[in-house]
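As written, the chain order gives the labels A, B, C, D, E and F, with residue 1 at the start of each chain.
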């Protein structure tokens, strides 16, 4: 019927963010990139690493799957190129384990850098051994079926954020952030600037300087009427 | 900086779904509309009614707010017309109460039919007394500030679904579903067709007919090798 | 293969708890029945009423369904008799809406008294209007498919408790409790005894008597060294 | 051993907030009182009404109970006076049902106005019928034992907030707020002032005035560089 | 009273699954075993390892404990033999820490391979150092009492699954799966078969073959009308 | 206004628990200290380590921050001395990331031993690399603002427990426990006594002795009517 939403589409040959920009963003943490793009694009805190210590960037290949059905992930593998990250969301919430060591092996062979999924993964001990990074909503050994079509490389919502194919994904132990393809170069520049500034701050903090001085906060605190009270005075006030 | 995401925009005079279509969709439940559009667009089950018994449809005015900040809701009120529904999402998760009886009074005066928010509401006893419907992620009396700009009538993600200004929102005790503006007429027709079919089914079920017969399931179950076993036989098998 | 678990079984003509016992248990609240059977059989607090105010008892017809699949509920309806309660659990966790007003119509026509499901229901406004009671883990308009066999009238786990076909289910606003068929008469007697005792307590409490006296707790508290301290003394001790 | 924390204390004859102040605060909603005292004292949103529609104020009698043990609630009843509210917290988290219709009967006989508990209640249908208000973390029919001492009228943490005996508790459908005894008169005055201001705002909003004008926000928004963009312009910008 | 459920029973000398089968199953991951037995027996995803990297199989000794009471775990230790796994569930939900390094020392001395508990454990740093594996619903330092009887080696529900004494437990970083004693040999054979098949698949995937070809999915996708659309075409369709 | 709660206070020069006592408590695990002080002071199980393996004790510097605002943490750094632990709680729940590697650098420079926060932290990979321990309610890269005053070194509620400045904090992989300053010496002595007793128990358990004998439980179990039933007898009873 005309005017109804479509399923069962695989969009091919989508543009990707520039390789240098993509890799450059991987040099910065999720918190830095998130700040650098004006505090947007951060996925929900519930999307956590299946194992600790990975830090990747890559261009998104998106997969919309039916609940409890991972058929389209197999379809999506063919659309992946080196430097991509697979981003998967079911059309309704489901905690099954859509992805395990076999699919990780297949993606590794294609040069894919990791997986982000708003659902479950399994074989996490194998993923860690293989060094294949994955961020997921849950760990679950529960399998899925291969019965219903979804779509590949259409816009999806994952972890509460829209992901378009070709967007840059940056992920580390803090979580996952999405950078729009068209904004990636700007966000990279802003990340570099931010990191440089933070490196200088880090040095001063390490040397014992206070944030109050380094950030010139004292005058503003004074105007906001912050009051310093010795403990004994405070205690007497409370008992009065 | 060029290439960075924008905030602080109010988009005016956006197109809305047709009035007749919008009101027609309000004649069907969320479950029916969700089915009619191919099981898409349903917000997360965590978005629940602040009070039970409301059932509305309306065209979305969208609001992207900073966390713990409801300034832009005031800005959005001016953009509302009769028949609209206000849809609000913070740029990062926050359970404060962004909306209460004063804003409900203001929206009622403008003919707005309800609120959907991926955060908290307060004054829920007043909302129920006023008959102003609201669906939210939480009830919280915690207030918000008015310090940071957001945007009005840009695409947002609410309850895990993208909402564009002008889309149709249908909400009842089951939750909230979003219908794309361009697909609304088609979804209405499909909802009508589905409801007619269900009305006939309901009649037959009420008369005592079984779903097995009404839906001609017996042959398919037989092919799937469903086995009927008397209790005594089953019990002996288990103890063997 | 021998030695593997079976699916796709419908057990027919299972024994049910005695009608009089079943109906007698419905005269007591979930809390009373739970206490009367030695604090066992209470389902997890997450299984809550879809609407408030219902209070039922019935004999269980059990349904084990595949995740996101409600095919076997249709199969189960045929096995139901007046006085039954349908108890449904998916083989792995899933929050879809497996049950709505059509199935409720069909069950009502067969004299079934309600539904308990460790997953989602939808059309809850209709269920309330029809007066069909349902207890569920979630409310969700998300539909299910009809692709995979499960089983009817095998033992299942629902809300963390084993339910056998023919067991008595008692459910009210506090939740759901399961009473083993073989123990139902004993639990009914214990419930009656408990309720009589509570009625006498209630009268004495309403007349202003204290639980300390009615339950003769004072001596035991004294032996446990409970200490009464006037506020001023306590305050001085704290400041010392 | 000296220097170890104490249990098993009942503090008697603690001072309570003034009756007129206590009752006056009950004339304002939780959101208003919370705002009036500078956004402090609001209990966590997880403490919700067992039934909707109650609105109370009262002076706190506090009870610290051992997990899964309601013995001290019986002890606390004796310390209650008309106008009090019982506030209960277990020393470690537990979702059992510590309180039901019998204790509600006893408290009603003593003029107690309601219960707030950071744990479970049961018999909620009876509580609604009796009109006894209760706010709790969960509804659970699971019973508790009477084995371990706790304390009455010592400071406790309930819903993330410290409650001292004699503090004022205000509770409605939005949740629960605690007002320090020493601050109650000031908070009442501030609530009155706030409500008067809101009444004027409500009138203007109902008449169709906008928050933008009523609160003189336009100039501040302009300075913050809020930008109004017609839909067609915005759409072209996005596609560029 | 006759007909009431029993507590306070220790069942001795229960049969256990065959040693070779038990140990054989430990050679396969939870996901493999779960698939091999037809996707049944997987505990809820909330039961997670106290530390990462353990992988065990063992025969269940079951313990039903009263909430907040670990007395019966001490009783159960005596019933354990080398190769067993202790499986514990409270009769009502409770997050206290029922188990720590002392009990782990005692179980280690008896050759027990690990613990599965639908409640809390503590001393997790010590458990990791000792190499004693544990899967639990939570980590909590909160202690328990020793006041109320439970039972040992009766059927229990743990993580939503029935566990009978003598069943095989397999647990790894993905979670925990239960294999019925009578089905264990069949499940072992099926696991071996599945793993062999997966090993061949893994090799082909590693060599760059696609799941689409290896699993002959292309024809079925074509019949399901999957459509490949170049990005530019798709983009134009969306803007139309 | 008189009688309203105060914000914007920094209490200086508060007394701290004795250095030797503070460091002595760090020699015991959270579970031991919690038991030693009569099972009080344990923070909610939701406060978990950002990385595993840290074990610290320190004296509390407390910070009350506005939601989504970390301004006061900068103020608090200046009040810290070597041996302190920073304890932070927002005045209403918020999961933003209030603390990252820059603040950790600054605290390290001042000799602070770690952070406990009832909200989010970020840069957790850096914190692990730096060896800076942190316990938090969530990990989130979401930033905070610096707009609203809070207070430093006033009593706060963190993880459901009151923390006063100068109290001792002990934290390890099990969680966090608070020891009152005035009780710290007594709790240290009790911890030593408990640990000595446990060391003896551990030795006996390791040698194969049973808790039933070591703790002389058999007689008490017999009086409680614990019944030992051989499996075959039990099975026949169940089938009868």
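Criterion: contacts are C-beta pairs under 8 Å (C-beta built on N, C-alpha and C of every residue); 3 or more make two chains touch, one makes a residue touch a chain.
Everything numeric here is computed off the predicted structure, so don't read it as measured data.
Novice: Chains touching chain B and chain E alike, please list them.
Specialist: Joint contacts, listed by label: A, C, D, F.
Novice: Could the interface between the copies chain D and chain F be described as same, meaning over half of its residue numbers are common to both, or is it different?
Specialist: same
Novice: What chain is the most remote from chain B, judged by the mean position of CA atoms in each chain?
Specialist: It is F whose centre lies farthest from that of chain B.
Novice: Looking at C-alpha means, what's the farthest chain from chain E?
Specialist: Measuring from the centre of chain E, the most distant chain centre belongs to D.
Novice: Once chain A is fitted to chain E on CA atoms, what angle does the rotation have, in steps of 5 degrees?
Specialist: It is a rotation of 120 degrees, to the nearest 5.
Novice: Taking each chain's centre as its mean C-alpha position, how far apart are chain B and chain F in Å?
Specialist: Each chain's C-alpha centroid was found; their separation is 41 Å.
Novice: With centres defined as the mean C-alpha position, give me the chain A-chain F separation in Å.
Specialist: The answer is 30 Å.
Novice: Any chance you could list the residues of chain D touching two or more other chains?
Specialist: In chain D, the residues touching two or more other chains are 39, 42, 45, 92-93, 95, 142.
Novice: Of all possible chain pairs, which ones touch?
Specialist: Those chain pairs satisfying the definition are A-B, A-C, A-E, A-F, B-C, B-D, B-F, C-D, C-E, D-E, D-F, E-F.
Novice: Mind listing the chain D positions that touch chain B in their complex?
Specialist: These residues of chain D touch chain B: 29-31, 34-35, 39, 42, 45, 48, 52-53, 55, 172-175, 177, 198, 201-202, 205-208, 210-212, 215, 217, 221, 224-231, 234.
Novice: Which residues of chain D touch chain F once you look at their complex with the stated criterion?
Specialist: My answer: residues 1-5, 7, 37-42, 44-45, 91-93, 155, 157, 160-162, 180, 182-187, 189-190.
Novice: Over in the complex, which chain D residues touch chain E? Could you list them?
Specialist: Where chain D meets chain E, its residues are 67-68, 92-96, 142, 145, 147-148, 239.
Novice: Under the touch definition given earlier, write down the residues of chain D that touch chain C in their complex.
Specialist: Result: residues 8-15, 51, 71, 74-75, 77-78, 95, 97, 100-103, 105-106, 108-110, 120, 122-126, 128, 138-143, 146, 149, 153-154, 165 of chain D touch chain C.
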